[in-house]
Amino acid sequence: MSALLSATCAVPAAGAVLTAALPAGSSESRRRATKAVALGVSAVTLVLAAVVAARFEPHGDRYQLTESYSWIRSFGITFSLGVDGIGAVLALLTAVLVPMVMLASWHDADPGPAGPDGTFENRRRTQAFFALILAVEAMVIVSFYATDVFLFYVFFEAMLIPMYFLIGGFGDRAGGPESARQRSYAAVKFLLYNLLGGLVMLAAVIGLYVVAQDQGFGTFDLPTLASAVADGKLQLSGTAEKALFLGFFFAFAVKAPLWPLHTWLPNAMGEATAGTAVLITAVVDKVGTFAMLRFCLGLFPHASKTFAPAILVLALVGIVYGALLAVGQKDIKRLVAYASISHFGFIIMGIFALTSQGQSGATLYMVNHGLSTAAWMLVAGFLISRRGSRLIADYGGVQKVAPVLAGTFLIGSLATLSLPGLAPFVSEFLVLVGTFTRYPAIGIVATFGIVLAALYALLLYQRTMTGPVKDGVRTMPDLKARELAVVAPLVALTVLLGVYPKPLTDLVNPSVNATLSQVHETDPAPAHPVAATSGGEQK
Amino acid sequence: MNSLIPLLVAAPLAGAALLLLGGRALDRFGHWLATALAALSFGFGLALFSDLLGRDAEHRTVTKHLFSWIPVNGFQADFTFRLDQLSMTFVLLITGVGTLIHLYSVGYMAHDERRRRFFAYLNLFLAAMLLLVVADNYLLLYFGWEGVGLASYLLIGFWQHKPSAATAAKKAFIVNRVGDMGLSIAIMLMFAEFGSFAFGPILGSEGAAGGAHQASEGKLTAIGLMLLLAACGKSAQVPLQSWLGDAMEGPTPVSALIHAATMVTAGVYLITRSSAIFDLAPDAQTAVVVVGAVTLLFGAIVGCAKDDIKKALAGSTMSQIGYMVLAAGLGPIGYAFAIMHLVTHGFFKAGLFLGAGSVMHGMNDEVNMRHYGGLRKYMPVTFVTFGLGYLAIIGFPGLSGFFSKDKIIEAAFAKGGTEGWILGLCALVGAAVTAFYMTRVMVLTFFGEKRWQPDEEGNAPHPHESPKTMTVPMVLLAFGSVFAGGLFAFNDSFLKWLEPVTGHEEGNSPLAPLTVTLLTTACMLAGVALAYLVYGRSPVPVVPPVGSPLTRAARRDLLQDDFNHAVLVRPGSALTATLVYFDSRGLDGFVNGLAATIGGLSGRLRRVQNGFVRSYALSMFGGTLVLVATTLLMRSV
Amino acid sequence: MNPVNYLYLAALLFTIGAAGVLIRRNAIVLFMCVELMLNASNLALVTFSRLHGTLDGQIIAFFTMVVAAAEVVVGLAIIVSIFRTRHSASVDDSNLMKL
Amino acid sequence: MSAIAVLAAAGGNTPSIPAPHIEYGQLSPMLVVFGAAVAGILVEAFVPRRFRHWTQVTLALAGLVGAFVAVVVLAVQSHGFTRIDLLAMESVALDGPALFLQGVILLAAVVAVLTYAERKLEPKAGGLPADAFAAQAAATPGGEQERAALRAGFATSEVFPLTMFAVGGMLLFPAANDLLTMFVALEVFSLPLYLLCALARRRRLLSQEAAVKYFLLGAFASAFFLFGTALLYGYAGSVKLGDIGDVISGKAMTTPAQLSSTQSDVLVLTGLAMLAVGLLFKVAAVPFHSWTPDVYQGAPTPVTGFMAAATKVAAFGAFLRLFYVAFPGLRLDWRPVMWGVAILTMVVGAVLAVTQQDVKRLLAYSSIAHAGFILTGVIAVNKQGISSVLFYLLAYSFVTLGAFAVVTLVRDSKGEATHLSSWAGLGRRSPLVAAVFALFLLAFAGIPLTSGFTGKFAVFQAAASGGATPLVIVGVLSSAVAAFFYIRVIVLMFFSDPQPGGPTVAIPSAFTATAIGVGVVVTLGLGLLPQYFLDLASKASLFVR
């Protein structure tokens, strides 16, 4: 039993404690030390996560590198970890993004001016910020690795707290008291929405345990439960299964977020720092969609099938709705948020289309959306930090003064509208095809999303970057080395995974097929299959 | 030899990457590098061409598998290239004309500080277009397809500081996106139907029938229509034509590239490439010819009314592409001629645009033809080359346009039945109108009195001939526009070349070929004469006359934008506004309302806690009574 | 006479006491009403002791008296101290804390 | 007539009254505590004033720790687990729940006494350090006498013996095996609490008002309890819980002949209801909760903490015993009613807390809501129900103590600054204290990895397996509402700007620091590694009959 997974979770956790414990103080050197430590820890985590992904044998068992420690015997709860392809990939994504986020928000947590009554706003500000980020990373990674329903639930819930403090405690300082009010409103909204979801899920978790216990499965071990469900040893009555499914799904749908439970996201992403916003949309929210794949489908196959059409419709609404609202936004970050809502619609649609293309697409989508939105949002953050305003109207002609910034931003926009050659295209097309093969009508309507995506992405670019140079933009400096160091890898990855996603698909496909077989689903067969000439017969 | 195919794409792509990432260092010679790489790609093209010619006609399809792109169970998208006669033709056209345009741009963009980036985009454009035509499956084609869209976006909006340019670029991309939607739906349909979207299996290759034959006609029609939608987007066919005119915001070489070598030809390529599907779906074909015919006239009419030389040429492009689409819609009788016209058109339209560019170059970027006049004295080379291009496009006997267009009109009649008559007449009328507006352009620009005045700053333009880098390409293209047609037509060499891919049938034309030719020529001459009467004899007013309603409408591109605005834009923005309101008031309002309700409830319940010990006691007492009562009740029930 | 009637009497007394607690203002009186309730309970206990023919009830009654006495001590202490503060024994006067 | 016969019979064999047999060893926890309490009184009488404080503190702590040791020893001798038996003429039960809860009460008391002993927060009075209690309770607030008392640096060190008496009563309460003992225990721990409420050093008026309210309502409630006792005695002819249970389940038939069966039904059910009233009052369940906010607010904060923690533990212990030993047979009758009470308690507690402006009142309402959560566990009449409630009480009491201990630290010129507005920006001024308080609030809210979550999971899980799914749903929803106001406080502390001239956080002595520390450790410990205590609780979850 290798301790690789637990190590991967433990390193950031320990790092969080360490960072928090570092000596406080507003002196530059102290702060730099803190940041260095945090960054180092996240780097180590990245290495570990990469090792995990590398050690994972796609065609081996469903869950690998498994570990299990007794935790709360009374409730059959164990601290057991294990990865499948999906979990490995997503954990890796998290580990990749966190260092970027840290670099990007290097100065976001430097202590600001003294407060009204001379008190410095919390001299541990910097320590707190980076410690919280690491805490989030640790919790997210645990929930990607957890193979115990309860363990997952615990961290799924617990990660709200650090996120909550990140959102509420560290916004762009430009705003003043008003924006502070907005920010805490956003933080509370975030927490309450997700807490409600979590509590409903808690009821479902308890229900699951009780039902399973009555049938002699007093455990939360996912593989056990899933297989028991699969081969009918664990019989859930129709209504019970539906209720439990909804309980789980509700929580995930709030987190994901799925229309119409999305309204917390724009506030949260709008008010938080760009880094935090990325953390929310690119990392934390992925736990929700990931959980749909692993838990909803794994534990409640029949209910999943029953509700799939309804969920697809919601997802579809989300795609169009999010895109349309993105078009209508005046605030850059809120625009990105609504774009994400639209994208989450795609992800959820891919999951519940119950086809291998759909689900592989959805999984890739989680990764690609993470990368591309990170790039987009972070550059937007750099832009905003330069001008001190989130309003699109305050910008114009940036490409003239800061071409590199504009260029990277354009690439981000193109990735968002999923241009072929960039990673998001691969996943989006897979999702569309996967949906289409089972629900043609829904697939077609969803395709409208690509037009709307082009609309909001390019509108934003046009309004901010092109045209005559606005006052307040004239003296805008171009990207600094640090900022380039953040964006360049993301862009590179986006391009690479757009042209050669095979490594990912190889990791993901087997797990997806396993998931599908849990739901007793197979891809719909083509009407008139032809010999696919993949591999290209040479002449 | 196959391994050269990827290099076709790789060369310009590498150029683009180098120039974009290379930074200032490359400013000095970047443009030459780009041109060289384009030329290199052309060289590869020639090499491959000779290789193909070396093979016997039946085995001229070569594929090259690079790597598996998106493999998910049944869904297998590969990076596989395919070169056959059709794609070969395009490769040569794209790289050849493309190289010339690069060369031209060296001079044209000499004074633009962002020249390096411009050339990077040009290379990107070539790379994307090449990928489009050498792809072996529809998804890879889609890759190139959108790449073209991107490159056009970048180039049309190259002068981003001009809001109009930025808008035009965005418009082009988004309108194209609508088309792309069609393409992706088509691909999904194919995957759902055949479990594949590679050319070989579906369309069949080298005589072997593809899966298309098994599919139901309904499915094929659907696929065909979706492909047509895609084609409309890229080739600026009605109803997705609106972007083309605005695309003139880009630098002139870009217009040349878009209109002659790349972009707009993609639609025709797609339809011809998918011939196997269209042949089995007559309804789809009808749709295609209708679109072609309508656009043909639409573009021609618009071309007549424009005073902006580039816009006038844009209108002509639209209508010429209309010819090609029409031909492609005619099925096996038309495909070859569609492509043939496409190639010839590539030559003369490029020439015309470069000529126009050269004129603008000499006229301080003045585009209004009413401010030109009598330029033939000032820029002879431009005049000659432009003139040859003009003769070619109006189909003057002996020049390229003549052969290709004539064939198309013939084929249109050959469609047979009333349909054939209608199409044929449309084509004829189109020929006449083409002659009219092109003559108009010619006359307004090069003949008559000089009408240019000083601009706001008071510095009058000093018309002068353009530098060698610009004139040489024009000359070369002029040769093309003169001889290409004849070359192709010479004992149907071009037809034979393409036949293995597109197949060919002789239609049964109600009119003898000669009759058609005569009719065509007559129409052409009529058009020329009319134009001369209107513009050649009397001096041209600098301020355009009000003109007939039709003219006014045509000046506004036959109200296409007004239409889109009324039907799409305004309702759309209204919808978004409503949704934004709904999101904050509706959904959020509901949640906040819930919170408020709880708060209010709490506030009301608090009053019970009034601080009086006796009322507390009362609540206890009441509670006790209820408790006792209910307990007793539970027993009795 | 049927001893059950004593139970009804006890219930009646208890109710009177409770009612007194609810309607009287003076803390002392209010407290005496509580005592009344306790004594009602005592009566009931004794009666039941009679009905059952066991002594427990009566013993409990004694305990109750002791407890009541203790309560008086504490209660009066509190009431007196608050009376000295407010110069009033009305429980309605002391409602600083509410809502 | 017959009664006289009975008396005669009793008198007949008076010479030989058997001396009751008392198991002093197994009663030692209570005996130690009561002994310490009595000794405390003597200290008041004989020890010079300046030594009293320390003497009392030492004595109290010694007594409590001693008692706890006794409990542990008993447990180690596997009393209460395998050897459960009845003591002191079957009036006291020594079984798992009793022992477990006694342990919890004692620990809670230790922590509480630590907060009592705090003397660094209040400014010195008369040159002597002052604690949180009135200099001279009898003195009129603001009167000359009080000023004199302050100058003289008097201190009410009686609080320690009083508390010890209360603790003794609390130890007895959950262990009481007959209604009489239960009633006596109830009074024994209530009366000292009434007094303690009146002893706040600051805000004397509020303190006295709290006392009078608590006293009158408490007496009122205990009257109901007593009448219920009487009725059950009438029904079963005995006040021993076991006997009552037997009669109900029909094992024994001793209902007096004079009563018809319907009458006896009325007796038992009314009696049950009235006993319930007495206990629901103590656990602060709606609609018997109205005293809670006022008393919690008015009482000296250390006392509030003690009450909130220990009283609930004791009361729920008795509640469990009563309903699991005496009334399991009447499950069908009382369960629906208790459902109603539980739902009402959870919802009203949560909803009312939303608009509170005073920290102590806020915590009061939250304690009401928590009473509701615990009730859901009680209602699941099964083993899990017992163990989950035991665990919940353990977890809850320490969070509460910690929270109130923190409240004592946030002070301005007028003493503790309990109004929420003055807590704004606390996280900026003193992050550590704010963070600790946030931790306690999160535990209240039941966020995973805190003890609150484990407890909540336990009771809900028990309720669900007891077939009370609707209760779980309501519980979950009201937890969501509850979360709202806990979070409100956190927002206030961390995300809003401190007001100028707002309160400062006083640096406490080791006592309070320890108290808070213990609270934190237990909160996290029971959240991260609860297994041991869960085992303990489930091992202890067997009642003697």
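Going in written order, the chains are labelled A, B, C and D, and every chain counts its residues from 1.
By our rule, a contact is a pair of C-beta atoms (placed from the backbone, for glycine too) under 8 Å apart; a residue touches a chain by one contact, two chains touch by 3 or more.
A quick note: this is a predicted structure, and the numbers were derived from the prediction, not measured.
S.K.: So which chains are sitting against subunit C and subunit D at once?
M.R.: B
S.K.: Check B-C against B-D and say which one is joined by more contacting C-beta pairs.
M.R.: B-D
S.K.: So how far apart, in whole Å, are subunit B and subunit C when each is placed at the average of its C-alpha atoms?
M.R.: 97
S.K.: Roughly how far is subunit B from subunit D, going centre to centre by Cα mean, in whole Å?
M.R.: 80
S.K.: Please compute the C-alpha centroid of subunit A, do the same for subunit C, then give the distance between them in whole Å.
M.R.: Here subunit A and subunit C have centroids separated by 65 Å.
S.K.: Round to the nearest whole Å and give the separation of the Cα centres of subunit A and subunit B.
M.R.: 37
S.K.: Two or more other chains in contact with one residue: find those residues in subunit D.
M.R.: Each of 212-213, 216, 220, 224, 293-294, 484 in subunit D touches at least two other chains.
S.K.: Where in subunit B do residues touch two or more other chains at once?
M.R.: Within subunit B, the residues that touch at least two other chains are 606, 609, 611, 613, 617.
S.K.: Give the residues of subunit A touching no fewer than two other chains, as numbers and ranges.
M.R.: Not one residue in subunit A touches at least two other chains.
S.K.: Quick check on the complex: what are the subunit C residues that touch subunit B?
M.R.: 18, 21-23, 25, 30, 91-92, 94-99
S.K.: Enumerate the contact residues on subunit D facing subunit B in the complex.
M.R.: 212-213, 216-217, 220-221, 224, 265-266, 269-270, 272-274, 276-277, 281, 286-288, 290-291, 293-294, 332-334, 336-337, 340-341, 348, 351-355, 481, 484
S.K.: In their shared complex, at which residues does subunit B touch subunit C?
M.R.: Touching subunit C from subunit B are residues 606-607, 609-614, 617-618, 621.
S.K.: Show which residues of subunit A lie in contact with subunit B when the two form their complex.
M.R.: Touch list, subunit A to subunit B: 260, 263, 321, 324-325, 327-329, 356-357, 360-361, 397, 399-400, 414, 419-421, 425-426, 429-430, 432-433, 436-437, 440, 443-444, 447-448, 450-451, 454-455, 458-459, 462, 465-469, 499-502, 505, 509, 512-513, 523-539.
S.K.: Tell me, which parts of subunit D touch subunit C in their complex?
M.R.: So the residues of subunit D in touch with subunit C come to 2-3, 6, 10, 137-138, 140-141, 180, 183-184, 187, 191, 194-195, 198, 204-206, 208-213, 215-216, 219-220, 223-224, 226-227, 229-231, 233-234, 237-239, 254, 256, 258-259, 263, 293-294, 297-298.
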